[in-house]
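Shared chain: chain A. Partners: chain B in the first complex, chain C in the second.
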Partner chain A sequence: MRLSFVGGLIVISLIIFLTFGTLLAVTFRMEGFSGLARYDWAVIKFTFLQAFISALTSLILAIPISRALVRRNFIGRRILITLLGAPFILPVIVAILGLIAVFGRTGLVSDFLGFFNLKPLPLYGLQGVIIAHVFFNLPLAVRLLLQGWLSIPAERFRLGHALNFSPLNFFKYLEVPMLTRFVPGAFLLIFLICTTSFAVALALGGGPKATTVELSIYQAFRFEFDLSRVAVLALIQFLICGLIAILSFWIALPTYQGSGLDRVIPINFQGRIVDFIFILGSALFLILPLFMIVFRGSHSLFLLPEAIFMAAFRSICVALFASLLTVVMGLFVASLLVYHSKKFEIIGYLPIAASPLVIGVGLFIMSYQWMDPARIALPAAVLINALMCVPFVLRAILPTFIDIEKNYGRLADSLRMSGWTRFRWLLWPRLRRSVGFCMGLAAALSMGDLGVIALFADPNHSTLPLEIYRLMTAYRMNDAYGAALLLLLLSVSLFWIFDRGGRLDANS
Partner chain B sequence: MLTLSSIVYDVNKFRLGADFRLPKSSRVAIIGPSGAGKSTLLSIISGFTKPCSGRVILDNKDITLFAPGQRKVTTLFQDGNLFPHLTVEQNIALGIRPDLRLSSSQILLLEAAIKRVGLSDFSKRKPNTLSGGQQSRISLARALVRDCLLLLLDEPFSALGPALKSEMLGLVKDISIEKDLVLLFVTHDPEDAKQICDLSVVVAEGNVYPPVCTTELFLNPPEILKAYL
Partner chain C sequence: MRVFFLTFLSFFISTSMSWSKPILTVYAPDYFTSEWGPGPSIETAFEEICDCDLKYVAGDLLPRLLIERDKIKADVVIGLNTDVTLKARTLDVFIPHGQDVSELTIPIKWTDRIFLPFNWSHTAFIFDNTKVDNPPTSFEELLDLPNDTRIIIQDPRTSISGLAFVLWVKAVFGDNSEKAFFRLAPKVLTVTKGWSESYGMFTEGEADMVLSYTTSPAYHIIAENDKTKSAAIFDEGHYFMAELVGMTKNAKEPELAKKFMNFVLSETFQKMIPTANWSFPANLDSSKLPEGFAGLPLPQKVLFYTEEEVEHYKDIVIQEWLTAFQQ
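Now for the complex of A and B:
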């Protein structure tokens, strides 16, 4: 297994280079550290505050919603549970436009309030950032807690009924212990996701009162080109992520399972109306923004300017290359871990705590003397998106990989199956499904990514999400909705094609 | 044909010593209580376990340091002998060329082996659509096509019913005679041993005793085997 060793080490080095090497390149630009300005403190405060409120709100809502979902059987239950997985592959900018159409100044909620002569809600600033973060993370929290409810053995509920437990007894003896196990991890995970949030803050935040550290890195680079300030902010972002990484040693971050969430469990069945309100409310909160994208976007979808289609083409290319690269990287890391040394596993998960913008700035600093920054925009987007997906790929394929070697490794050894032959006839047929899913996920995430591309791209190198952001800030909302619908369709199709491709003829 | 010369395996308080020779075309049952080291013995011969000292010699070649795939040895494990994602034909063809690029003469060899074990009608099917007995036939057909001198059975038929097991043992015996293989067969059942093995080796308390005639062994079992039987 020479190739797996060399290839694995190359990928590991690439990950270290992209996460730490770029950070180092950025910090070399620091011209003395004179303490943080008041603005910087405000940014740090806002980053934590919005992440804290977003995580807290998501979990407070997720507890009754997941409880209602797990004990009620109703028409559309499976679809709703599947839909809870959708925000994960939904491009951030699409969701933001959907939320604007519902909660914005001319959105549904404001129309409704206007009906009673009430003032429209302001969506920009802290509340906008929080609504968007809850939109993305509430479904995640609900799914994680569904796993929690389902982890309580059915016998315990039977025992509770046999002992004539009151609803309060059930809650105290069965549900609270589960919640104390699941809630901290879920909270930390969502908190982590929200602290590194960029696109949401870019579109709905801004100004001294609503800027995250990631967003201020973008501003310092793009508007002020103050590399010294970027360096300070990059270090702050690194410290925040490091802090959370250390916390996660004590509180295990939950792992995310895709299937088997549609069982009903017999928690006491009182509170029908409350359950109904939570289920309906969460369904509306999830579905309405998407519906508004389809509704408003379908008018202008076919009237979009040519530049939008060019951007869409570039986005598809980025998505395809990134998904291919991430799977190759993931497979090399996985084979290094399985065949050679488990020690490197932590490096495979490093990108979780990395900041795409810092990596982007680092790549810029290393290359701008010889290359036009706009020309590295797309390759950098491919590389960084691939890197950010490696942890998902590892999580999806590593357990299967280990199982394959455990169950069939001896047989393959005795048949002299090594190198390419082993990959082709043993690993690939059994990993195909997970690989297909990972490629779909990576393609959808890269397709919708509005991060590093915003740092350097000019209109000749922009991607679809960036074009949508430009249309939005130019108040060309009709075109923005049309382009958002296009992006939504492309992302979902890419995910579907890859996921489906992995399953075809996989009847083993 | 096969010589284990002063083999010692001593890891984590588990000790196994072996020193014996097996003549050409012999069929040998390996008998002994659970945990005595029967599977370890097979594993040392097939190369999955490296002995701490001593040598394994097959056909006058010292193979002690050879990787499992380099040895002219076929092992049938208790389970996991087949790849569920490959067809019957592909599973057998792996024994000829692991990359499955067969020449026309190799294809003839493959077809003959499939026919020999009676699976001609099933060659394009996946193993899990076949019965347990048919699945055993697939791995035996692979032993047929492989270039090997030694066939090791680590209780591969323990999940089969008595009649089917007996039928499989008959096929194993025929195949090892046809290919002139040395057969080593781990079993718990004296009847199995009597059916196909002329010699038997007792493994107990960390020792592998030299091969003796199977019929005599069971007519007059030593103390160490009596307790187990």
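Now for the complex of A and C:
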């Protein structure tokens, strides 16, 4: 128990250090605060605007899509629902390239429009940022709302039918009450994700019209090296995230709606065609970009320059170390919460509201006088990625952890199992499934991360996502698609291996 | 066996000799050291005459200098440009280059004793002369082009060419520069963060004109035997830009650094510049330029701001640019 206490406290302090400590280090670099320039206000406005439109669009589309998925049964329904989870492990830069191939000036949609003599769509700027954010968050919104629809007992729909409800009545009496409970929480979550997203803004935004706070931090750091400005922007970013995080604690996701017999009873709903249009549309929107990556990338996959493979190797190392570290951190925090004090739980979830870029800048400021910044690029990426995944790990293992102790804890106590023995024989066999899943998730996320690494890295320390971004900016698109396919394959395999590994003879 | 041993021994001696060679450390931008940049051929040529090992450290120069300050590990810094020298100069880490700059082949008078120019060009808009029939001959004409013209420029906050562009506009339009940006904005298809992305989009045919340099057509003429790309030459003049090299105060190999500075102005180095960095050499008679360069149309008038003027105008003009392009 002692180790769990000390270790847990060390991890908790590390989290506090990385979130607040780095922010403090950044603020020390502020040389007086002379107010914000006109342009900074435009950046803040844009950050909110794009996050608002992205969250709104995701939810407006998610409502009919999730509804159609609940009401209809069709071949491939399970696959589509599984696919809705894919964007979680999909590297952002890969998705962006896929979206460019579909929605870009020379992409499929523009070709289609050109057929009718219409102008191609401009993808860069606000539209592009929103399309990419919807691509990532629509599936999340659909999955959150699916829970909502499923929480309405089927008996109520039957009752509605017996009462001769019109579709409008169904909507008014059964669906609206559920939506008013589920939508605000989902909206805030997506809004928060969109305000802190960096890679999307970097690749598709930028320019004078479409710069977010996070991107401004990067530009002030990388091009101006104006630490004072970086500090001001970092504080703004922190305030924005903190504000939304506090809001979302108020509006928690509810799960209870009503009780029934838990049996799904097929009911003949109207609106079959509309439902299938939404299902088909969402499936195309999710699958086409991935298909384009495979299609365009397979030509150049084996012709990639050596530097790409070196970068891929570095990325794999980052992913492996980060997934290991995040699980160790998560387990320590969980055991601290279970065995000692629940008070620290909120700290475990702090990274949700933290900005990886601000943490990166903070670490840089603390270390650059002693170390070559390029050298800490990879360790910093490992540390920050591990930190950002701790909340997921807690979410996944804490409930199981609590159950295990509740069910077997006293038995284990009576056998005087403690420390390593308790972990090895009591906890590990029952946690390994979730741990495997978490490691897979963390590995895939860190594999595709394009955040801190963009701040520090030089060509000798770059990772695969950064190399892809470099190829994109050098307009070597064929190589970029090849490298993106490589990254996609690596991320998916890493996730699969860990997830699978967690399940192998899980009943031992 | 003896043969094997001797080979092994000679190999060992030769490698240990190359270890004992002094190392000249040179900071250079990413593009410079890449396989298609001028870095590799410069390295080979210098190592032939210096009996040393030239090592590049690639990356963004200015942030690196600002971070390291007096702990700079380089003997020589190459690739800074004329619009960003003030910040680098005030760090006080460079020493005078000691070269005679009175006879340089650049269109402005050079008096800087710290930074030495090694190549130069002007900003200009490049177009495809098979598609654009009446290219603008002045900045005014450019601004009067129909609004469906597709022009690509670069962001002045993230790219050197983009910064040169806004300074160019300031130099041409003075107090009316913001108005000029407002007239240009509807024609700008996209603003990219760097030059290569813009230029790639242009060569793929996604735009009619791209912000680049007067020397860009030479690349197409010499490397691709393609004469369809031309620079639009404006009556108001074009903004001058040079790339620079400097020696550091704390150089570990000061003698080698001096040797390198001599080498920069030598004919060997200068003759490599046109086809390695696709710009005009700073110290080479025009009769010795390769053919594609000799015939390039050049502006009559050259515009240039000193580093103090750049510092004065930079924030103002970027703010004006942002205001116009945010609409």
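As a convention for this text, the second predicted complex is superposed on the first by the 491 of 508 C-alpha atoms of A that agree within 3 Å, B and C clash if a C-alpha of one lies under 4 Å from a C-alpha of the other, contacts with A are read in each partner's own complex, and residues count from 1 in each chain.
The definition used in the following text is that a residue touches a chain if its C-beta (ideal position, glycine included) is under 8 Å from a C-beta of that chain, and two chains touch if they have at least 3 such contacts.
None of the values given here were measured: they were computed from a predicted structure.
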### Message
For A:Lys209 in the superposed arrangement: first (chain B), second (chain C), both or neither?
### Response
second
### Message
For A:Leu415, using the defined touch cut-off, is the partner it touches chain B, chain C, both, or neither? Pick first, second, both or neither.
### Response
first
### Query
A:Gln219 contacts which: chain B (first), chain C (second), both, neither?
second
### Query
Regarding the shared-chain residue A:Arg430, is it in contact with chain B (first), chain C (second), both, or neither?
first
### Query
When the two structures are overlaid on chain A, which partner does A:Pro373 contact: first (chain B), second (chain C), both, or neither?
second
### Query
Taking the superposition as given, does A:Arg105 touch the first partner, chain B, the second, chain C, both, or neither?
second
### Message
In the superposed model, which partner reaches more residues of chain A, chain B or chain C?
### Response
C
### Summary
chain A residues contacting chain B in one complex and chain C in the other none
### Task
Over in the complex, which chain B residues touch chain A? Could you list them?
46-48, 67-70, 73-75, 77, 80-86, 90, 94-95, 98-100, 126, 128
### Residues of chain A that touch chain B when the two form their complex
407-408, 410-411, 413-418, 420-422, 424-426, 429-430, 506-508
### Query
How about chain A: which of its residues touch chain C in the complex?
37-39, 42, 105-106, 122, 124-125, 206-209, 219, 221-225, 368, 373-374, 458-460, 472-477
### Query
What residues on chain C touch chain A, complex-wise?
30, 33-34, 57-60, 62-63, 66-67, 155, 157-158, 189-194, 196-197, 199-201, 204, 206, 319, 321-323, 325-326
